[in-house]
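There are two complexes below, and they share chain A, which is joined by chain B in the first and by chain C in the second.
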Partner chain A sequence: MATITHPTFGQKLSAMLAETRLRLLNISRYPGQLVLEIIIPVVFASMPMLLGRATAGADAGANFAANTGTANYVAFLLIGSNVFTLVSNAFWHIAYWLRFEQETGTLEAIYLTPTSSLNLAAGVAVYSAIRGLTAAILSYIIGCLVFQVNPLQGDVLLALAFIFVGLIPLYGVAFLFGALVLKVKESNALVSLMQWVVSFLMGIFFPITVLPPFIRFVALLFPPTWITNGVRSSLLGVGFFFGQWYFDMAVLWAFLLFAPLFSFWVFNRVERNVKANEGVGEF
Partner chain B sequence: MQGQVRIENLTKTYHTRQRKGLFKSEEKLVEALKGVSLEIKPGEIFGLLGPNGAGKTTLIKCLTTLLLPTSGEAWINGYHLTRDDNQIRATVGCMLMGERGLYWKLTGRENMTFFGALYHLNPAARRRRADEIIERLHLGDIADRAVETYSSGQKMKLAFAKALINDAPLLILDEPTNTLDLPSARELRAVVHELNQEGKTVIYTTHIMAEAETMCDRVAIIDRGEVLALGNVPELKASLNREAVIRIEGVISAKASQAVQALPGVSQAATTPVNGHVQLTVMAQDHQALLPRLIETLTAYNAVMQKITPEEVTLEDVFIARTGRTLADDTRVK
Partner chain C sequence: MAALTPHSNSKLLTGPAAWWSSLAAMSKKELLIMLRYPVELVSSFGQVFLIVIILTLAGLMFSKDGVRPSDGNSNTAGVVVYGFILFMFLSDTLWTIGYNVRREQKQGTLEQLYLSPASKFASLLSRVTVTLTWTGVLCVASAFLMSAMIGRLPFTNLPLGVYILIMALAGTFGVGFAFAALTLRVRETGQTLANFFQFAFMVLCAPFFPFSALPGWMQNISRLIPLSYSVDAFRTVLMGTPPELASLPVEIVVVTAFGLLMPFAGYWLYRREEDIARTKGSLSEY
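Coming up: the complex of A and B.
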């Protein structure tokens, strides 16, 4: 058997999918965690929902519609909490992947192979997207059934398009974050901080139009804000930021073209810097 | 380029932080490799011998592209260390970090096929190769069990199996018999010999001198980032041919050892802990003349001597002669 020094695109793709398969195999051995991932967004969204009912009573829907453009606050909040699950998964899976492998010693083992770190990260991102999307969709449907709203209202295909296009820049940002974890070797505090900042800015439980102008501007620099609003506008008609869906989609495409390339550039520089000093396996 | 591995003046320095209290730390520059040059010929088993912290693993990490050297150059399997890093990784099979490089929730077979994919083998080839290695290393009974259920020795064996998955012409094995029981260590060494007979070049690091003596065609003795001696085992031993070695086992204080070192005719004296006792290794030109003075000095320092044996020169003695320390000493930067 000859060693393969110049792999084809297909062989590189196969290596990437092997990483995805490895992650799926691994998580399949923790079924309880998967069940929790479906339940938590519903519980998460039900808290402000019940608070709204308690404070506004039968007028909750009307009051909500006056500020958001939809009276369906149940779906509004469920969409927010489920997109947050996707965002949170992206950060945790990419950042924790690097940190966990560093601690268990497998990061050096995979760095000994000719598969590039970009390829491996792409494999982890595919796994994370499969896991996050499955959980988010199931959780949204269960939440809608529990709170008796129709999950399939509005333009479902357009909502899915916003999610799929938005996932790539989202993982780009998460990969940037992974570079930081590789350098400072502190995933838990960094991810916790980041996910709560992003969750606030993307407006899980409120439209970002209620934020002060400067914070609203900062919020618009993050792809998750555009994904959340794109899905809400497609399904509930709350209104796109630029009036038409294709303008908002164009912004996500701009993120898609810029974020992964910039993140990869930063990651490569950090990786080289770490290799020039103590090495990727040091934790 | 002649050798399968050629290293020219390789250095590696890095910064480390030393904690000095709750919030204080101090940056320290560590010189892990200081101008290492050597050449490894195709088909040989080349030993890197040195105590913990000598720089063996740093050298291996540089050769496998896990670390970037600070200066110097190297060629591995004809590829340049920093320019052709992907090709180097593709043509080297490496066992580093032992059992820590495995996914414990997966089975042994799943681990092997996963790493096969990362070496770009197609699915059929990686399954076939995994089957071959499982059979060769007698891992059949445990191959389909989660690695977390393995014993430490079984994990080490699987880590060795993983290093073979890409069928590379060069194998780099870092302390491969660590945590293995004696029969398993013997079995692994036999497989390494077989692989070498089949044409693979092997770099074998160890801090166990007997292992280096039996395994390696040539040995480089490394200490504090420098190659102190390089050659085949008889050559290295012959470099001490005018010296005799006396080993004394018992209760021997550091002061007694220092007093022995100061005796006329003693070139080196170093202690190693052995089975709860201390073993003092003494090198001298004329051990017949030295012995009475040696016993007299140790008695004066209240040493309890249980065994005194003049012995053949070993690789450890070569190390002691060059450094004044034993291979059991830990020279890691604290």
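Coming up: the complex of A and C.
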């Protein structure tokens, strides 16, 4: 009788990277979609920019500085829309990964292999982060050049540190959300709503200080809020939540340690529950 | 084997009654599909509010009063809310028809639909009937929400605003038919094209900001697009601001001509593309 051997760490890593490669190969077939991902944040940020310029005229910069802490509204809005790209990518790709396997008819085959679904989801997260980061960085640089603003002002390395540290808890939250999608099934509707909830809470185009105290408190429980403010403060000097960058970074590290473990635990629990009841193949 | 009796049922298959019956049956089917996804229904409601709030708050960051209620802030909210109302309706009519044709192709039911004697026009129209009703409810609710948050929205000439909205919708129905024709030809690329056109509309037709914010050369391109006149006229009559692209009577003539002519032109294009697809046998290909 054949015995089941558990995969080694190397084999798990190999499966994860294979999933990443598969997704990258798949998206490389749609270059138009990739180009749109770079253009969309610039167009999105240009909406309030043009509205503000037209309504405030010459006072646009001064009014914006009085409300947000910086007169550089181009970079402020572009940072918001590009962090939104990262967040949207994380939510769409993680929440949609099971649905993708369902649609391509490979879900059952995956569940028959000895590889854990979390390894494959981690592969999807790596793919999603590569795709999101590339699009966001290119979009930010192109947006700054289009609107004639220096993209490399402020502490760029610190801004990148906030992004890289923040990506891990961000994908942790996305996994948590993936568990909800696994249970409720309607991935499109949930992700569409969630990406706007998160963009509202993280202050995509405004500082979260304009929100009522309770909503502000909820916003601070989301890693994207800390990423957005960390990047804005590093590049534009709008001010860290706790005054100094290392305190804000420490909060992101706390998220980094807690969010993935908690999410994996919840995801595993929901997956086991779904497999035991209606099954993961149903949609 | 049952023999076909061409004359006995012909009255049931043609004429206005048959047309309305097909439209009602197909719209009912769309409504049923919509009701099968309650999370999506609730989510669409939430999304609309959030997008309007996000864009309004973003616009208010440029205001001297910040987020405090004031007349200036009501105008900013007016630009965003009215722009969003047009954007929502136009998106529905522009993309939903093509998207649904594509869905029938994917489900493998497009050929069956073409074998039935039901009106093709009713089939296309039914795709957006339910969506438009739902969008109407969402828009009214979002206008109330923004009025409660920021202050009363300006309603200078509501009847004329409704007329412009109806004409703009009729025109975009035509563009929607033309886009459905394009979907039959380009198939999967249709989705990417839809996104591209949507963003081009967001910039060139200026639904979320005044046209004066665009550079001169872009304003010249905007003047070549009938939808731009719909946006400008709609905003002008509701907010009582001066028109930016042409005088109001000229804008109303352009919007009316667009609303009356474009549906015929778009439907003609769709039937032409459909004939080509049927001749090639590519109707259900994807």
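Going forward, the second predicted complex is superposed on the first by the 276 of 283 C-alpha atoms of A that agree within 3 Å, B and C clash if a C-alpha of one lies under 4 Å from a C-alpha of the other, contacts with A are read in each partner's own complex, and residues count from 1 in each chain.
In this section, contacts are C-beta pairs under 8 Å (C-beta built on N, C-alpha and C of every residue); 3 or more make two chains touch, one makes a residue touch a chain.
Every value quoted in this text rests on a predicted model; they were computed, and no experiment measured them.
Asks: Assess the superposed three-chain arrangement around chain A: do chain B and chain C clash, or do they fit?
Replies: Fit - chain B and chain C, as placed by superposing on chain A, sit side by side.
Asks: Figure out whether A:Ala60 sits in contact with chain B (first) or chain C (second), or with both, or with neither.
Replies: Second partner only, chain C.
Asks: What is the angle, as a multiple of 10 degrees, that the CA centres of chain B and chain C span when seen from the CA centre of chain A?
Replies: Vertex chain A, arms to chain B and chain C: 80 degrees.
Asks: With the two complexes superposed on chain A, say which partner A:Lys275 touches: chain B (first), chain C (second), both, or neither.
Replies: After superposing on A, A:Lys275 lies in contact with chain B but is clear of chain C.
Asks: Figure out whether A:Val197 sits in contact with chain B (first) or chain C (second), or with both, or with neither.
Replies: second
Asks: Touch check for A:Pro7: first (chain B), second (chain C), both, or neither?
Replies: In the superposition, A:Pro7 touches chain B alone.
Asks: Using the touch definition from the top, say if A:Val266 reaches chain B (first), chain C (second), both or neither.
Replies: neither
Asks: By how many Å are the closest C-alpha atoms of chain B and chain C apart after the superposition?
Replies: Comparing every C-alpha of chain B with every C-alpha of chain C, the smallest gap is 7 Å.
Asks: After overlaying the two complexes on chain A, where does the chain B footprint on chain A coincide with the chain C footprint?
Replies: Overlap of chain B and chain C footprints on chain A: empty.
Asks: In the complex, go through chain A and note every residue touching chain B.
Replies: 1-7, 11-12, 14-15, 17-19, 21-22, 25-26, 29, 104-106, 108-116, 120, 272, 275-281
Asks: Considering the complex alone, what residue numbers of chain B touch chain A?
Replies: Per the touch definition, chain B meets chain A at residues 14-16, 61, 64-68, 70, 86-87, 89-92, 94, 96-97, 100-106, 110, 113-115, 117-123, 125, 129, 146, 162, 166-169.
Asks: Mind pulling up the chain C residues that touch chain A in the complex?
Replies: Going by the criterion above, the answer is residues 37, 39-40, 42-44, 46-47, 50-51, 53-55, 57-64, 66-67, 72, 75-76, 79-80, 189, 192, 195-196, 199, 202-203, 206, 208-210, 212-214.
Asks: Along chain A, where are the residues that touch chain C in the complex?
Replies: By the definition above, chain A touches chain C via 30, 32-33, 36, 39-40, 43, 46-48, 50-56, 59-60, 63-64, 66-68, 73, 77, 184, 186, 188-190, 192-193, 196-197, 199-200, 204-206, 210.
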